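Right after this note come the structures.
Okay, so subunit A shows up in both of these, paired with subunit B first and subunit C after.
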Partner chain A sequence: MNFELLIDILIATVPLMLIFATLFAFTTWLERKALARIQNRIGPNKVGIPCTRISLFGLGQPAADGIKMLFKEDIVPRGADRLFHLLAPILALIPSMLVLCFLPLDFPWLNENSVKAFLLDGAVIFFFAITGLNTLAVFMAGWASRNKYSLLGGMRAVAQMVSYEIPLVLSAVIVVMMVGSLNAAEIAKAQTGWDWFVFSPWGFAAFVIFFIAALAETNRSPFDLPEAESEIIAGYFTEYSGFKFALFFLGEYIAMFAISGLAVTLFLGGGDGPGLAVLPWLSVIWFLAKIFALIAVMIWLRGTLPRLRVDQLMGFAWKFMLPLSILNILVAGFAWHAEQLDNTFITVITWVISLAILYGAASGLNQLNRGKVRPREYKYAE
Partner chain B sequence: MNEEIAFWILSAIAVLGALVAVRKRNLIHGVFALLVFFAGLSGLFLLLLAEFIAAVQVLVYIGAVGVLLLFAIMLTERVAGDDGRRMTSRGSFWGLVVAVAVFVVLLLPAIQELPPPEAAQAIDPSVKQLGHKLMNPYVVTLEVLALLLTAALIGAVTAAQGVRMPKEEDSQE
Partner chain C sequence: MSILGGGIFKGMAVTLRNFVGSYINKKERLPTNDYSWRPDGDLPQGIGDYPKEEGEQLSDTTTVTEYSRNFPMLLHDGGEPMDTVRCVACQICERECPPQCIYIEKDYDENGKYIKRPAVFDIDVSVCMSCQICVEVCPFDAIVMNSQFELSTPDRFGGLLVRRDDLLKSNDYYHQIHPEEAAARDQKMAVEKAAKEAKKKAAAEKARAAAEQKAAEAAKAETKEGAE
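Right after this comes the complex of A and B.
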């Protein structure tokens, strides 16, 4: 065995796990605090440093929650499939942890010889392939619990994730087309110097589509139908308690970080930001800061938007996002050819025309779909 | 040396997954075992430095085909067959004989005839090369395949709607 290689791999992966697990704990606190403020409450503010009266705005709450989760009883329903009930939370966590290594986070302790998965030629494809496995974990959990609410949640989740994966990937295709590479580091490098993809009409449209689809992929509100408390208890993890529940929770938040990280890589310039020439390691800080900006928007949306209905959810994916993202690919293709000419006048014209086309398409699709959204029809209730 | 260890581990995973997929009476267990087999196969592709094919293997087979199989199973009844009953059939002995015969007569000579595998570095199965090949000699094939898949998709939607339409008329009346 080659131990140097093993150590290199550990150096590349262990910091990722530690950093993102710590950020997870902080994010749960942040989300509870922010939601509480939105709802005119105070939120967790008691737990701080143990055995003292210092509360630190309740920053000790995640640690207390973690300890509670570890000691809770692990209940498995009698009719459940014990093996799959155990495997599902693990399968939910592994893909989200795995894709973190495809984010172009150039830590200062990595040198040229380090293992860097994001330099792979197909890093972006790998990212989408591996995040797709989350669907299986959700289905597994829903099926193994032998509970109708779990199964309903699982089915909803699978339908939703499969539908929203298409606009997600199609909006990422635009960036891959413009850069001409699937390598995450090269995509980030192509945007240095404030040349971010979000600052162009097609890039902005793609970013908005990507972000909405990412919300749906990670089952965040307003797309949290698979775990809608008022309808199906907790959806696919209704029958989970204790540490298995904590694993689901962790997996969900890590998936949020991962998909926000991909959005930052593709559209928000990766680690690009001011001060990089003086301190190169600032790129990691900028990257994490941008991830947190996206997470803050997610929390804000969760606090303010009501949940969608199932038919609205499906209609939005297939009748609005999908046509718009396909049209956007076409627009981006023409824009790429216009950029090759390297003429300021043509560039300006392209921007105006593509803005007009995208705006027209979005409002046209909106008008087309608006008439078809009917009030809910009740089959089994009055 | 490292590659050899990885090869044996991945092959063992793939073979075990395939075996379990065939032997399990419980359909869902079988599907997940099949997915383990696909994952092992994808690892083997990665070992051959064919990273794009490995990624597509995960994307298409585990992500799409796996979910499709699960959907199909959800629509069938009596998913959980009893695992206790052994899968036997009267012709199992002769089946084994035929399998061994096929291996000895057809596969073994073919394996022996094959040239020794080239070093993986000699060929360059990079994403860029694959893209160029898809655009230059194989573009017609690609388009025909895309058309075929689109036709299949539209056909599936039409078939699904054909089943649902009478129900809607009923509810309107």
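Right after this comes the complex of A and C.
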């Protein structure tokens, strides 16, 4: 057994998990605070340092919540599948935790070996393959609970996640095409010096599609149909309580971090930012700051948008996002060939044309789908 | 032509205004935290410090804003509560209550005769949804909303069931917490009572007139008979 390699791997993974678990706690606080302020409330502001009157803007709330979750009774419904009821929250957490290792985060304590341990050539493929397991966990939870609401939530989640996986992957394909590599570190390296993919028409379109699909993949509002409180209680985790629920919660937020991390890697230049020449470790800060910017937008959208209807959700994926992302791949392919010519005039022309094509296609698709909406017929009970 | 997805940005601008505004203009953007009834009339330092001491209550409901309502109470007109209670145990509210949180039993005296008051009147706090429908349907103005909001209890079962004697509040207390509404209700009751009395009087008048007529007719018949 190669103990040195094992230690290197531990050095790489353990701090990663600790950092993201801490960030998870902070994010729950941030989300509650931001949503409260958006809704003209104050949000958690009581819990601070225990046994004192210091409240620290309620920053102790996540810790208090965690302790509460640990001590709560773990209820398994009668007639539920006990084994899968236990496995589902674990399976919901593990894939999101796994893919965190492949984000190109250059922590200063990493040595060459520990970096190499996670220098996977197919990182992007690996990411999508592993996060696809989330769907299984969600459906497992819905099935094992023996509850109609849970099963409905699980089925909604499967339909939603399978539909949105396709535009998610197709928009990531553009970056892979441009860089010519599936390696996350290399993709990030290709964007150094403000050469981010989001600063091009096709990259921007891909980023928007990716972000919307990521919202749906992580069951965030406005795509939180699998856990729609007003319709199906809490969806697939209706029957979960105590620490199992906390695991689901953690898994959901870690998935948010992971998919935001991938978005940052693919489109927002990874750890690229000002001041890197002086202080190389700043790249980690930039990376986390970009993740948090995306998370903040997610929270902001959650405070703004109402939940979609099921047919709207599926229609948006199949009738709008899918054609647009396929068209975007074509545009990106032509643009790549145009860029190979290395001519400023042609590049500018390409940009203008692709901008026009993408915007025209988006509004065309919008118009096409809008035309089918008829005025609503009201039917009253006799 | 509007920009694609422009509505989302409009909505986001609204929420952003709320978010930023809540740090700048607290009084405008945090209207639910209206602490204007407090002596200093301002947001207290560190809201949410309530209760400061264990067991502390803001139970002086007269300080809550006048239109707040939370949970029903039974009115009596002063004196010994069960003697002047307005409720006649007609059970209309029990039947109308959407979540069915009211339970009423009629009161009978020792001869088994129904006396118009409730023997049992329970409302389950954990079920009540503060809809005020019981108030709307009551023909006797016996049940109205209280603004008492500190109803939490350490007893999960018995403590959440409010009994008749705890529900009974005097009309004076009602005037204290909801002056406008109570005055309107009193006036309405007075009008109704006057109408009822007028009706009664009219009926009595009619009865008397009828009796008089009958008597006159009888007298007439008698004289007729006498004449024959």
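Here is the rule we go by: the second predicted complex is superposed on the first by the 368 of 382 C-alpha atoms of A that agree within 3 Å, B and C clash if a C-alpha of one lies under 4 Å from a C-alpha of the other, contacts with A are read in each partner's own complex, and residues count from 1 in each chain.
Just so it is clear, a contact is a pair of C-beta atoms (placed from the backbone, for glycine too) under 8 Å apart; a residue touches a chain by one contact, two chains touch by 3 or more.
Just so it is clear, the structure is predicted and the values come from calculations on it, not from any experiment.
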Next item on the list: Answer with clash or fit: subunit B and subunit C placed together on subunit A by superposition.
Entry: fit
Note to self: Between subunit B and subunit C, whom does A:Cys51 touch in the aligned arrangement: first, second, both, or neither?
What the structure shows: neither
Next item on the list: Applying the touch criterion given at the start, work out whether A:Ile130 contacts subunit B, subunit C, both or neither, answering first, second, both or neither.
Entry: first
Margin query: Just to be sure I read the superposition right, which of the two partners does A:Trp300 touch: subunit B = first, subunit C = second, or both, or neither?
Written below: second
Next item on the list: May I ask you to decide whether A:Asn366 touches subunit B, subunit C, both, or neither, giving the answer as first, second, both or neither?
Entry: second
Next item on the list: Using the superposed model, measure off the angle between the directions from the CA centre of subunit A to subunit B and to subunit C, in steps of 10°.
Entry: 120
Check: Of the two partner chains, subunit B (first) and subunit C (second), which one does A:Trp143 touch, if any: first, second, both, or neither?
Finding: first
Margin query: Quick check on the superposed pair: does A:Arg41 touch subunit B, subunit C, both, or neither? Answer first, second, both or neither.
Written below: second
Check: Shortest C-alpha to C-alpha distance from subunit B to subunit C once the two structures are superposed, in angstrom?
Finding: 30
Checklist line | subunit A positions touched by subunit B in one structure and by subunit C in the second | finding: none
Checklist line | Residue ranges of subunit A touching subunit B (in the complex, touch as defined) | finding: 1-2, 5, 81, 84, 120-122, 125-126, 128-130, 132-133, 135-136, 139-140, 143, 155, 158, 162, 182
Next item on the list: Mind listing the subunit A positions that touch subunit C in their complex?
Entry: 34, 37-42, 45-46, 53, 55, 300-301, 303-305, 359, 362-363, 366
Notebook entry, point to check: Okay, in this complex, where on subunit C does subunit A touch?
Noted result: 4, 8, 11-12, 14-16, 18-19, 22-23, 29-33, 46-49
Checklist line | subunit B - residues contacting subunit A, complex | finding: 1-2, 5, 28-29, 32, 35, 51-52, 55-56, 58-59, 62-64, 66-67, 70-71, 74, 80, 126-128
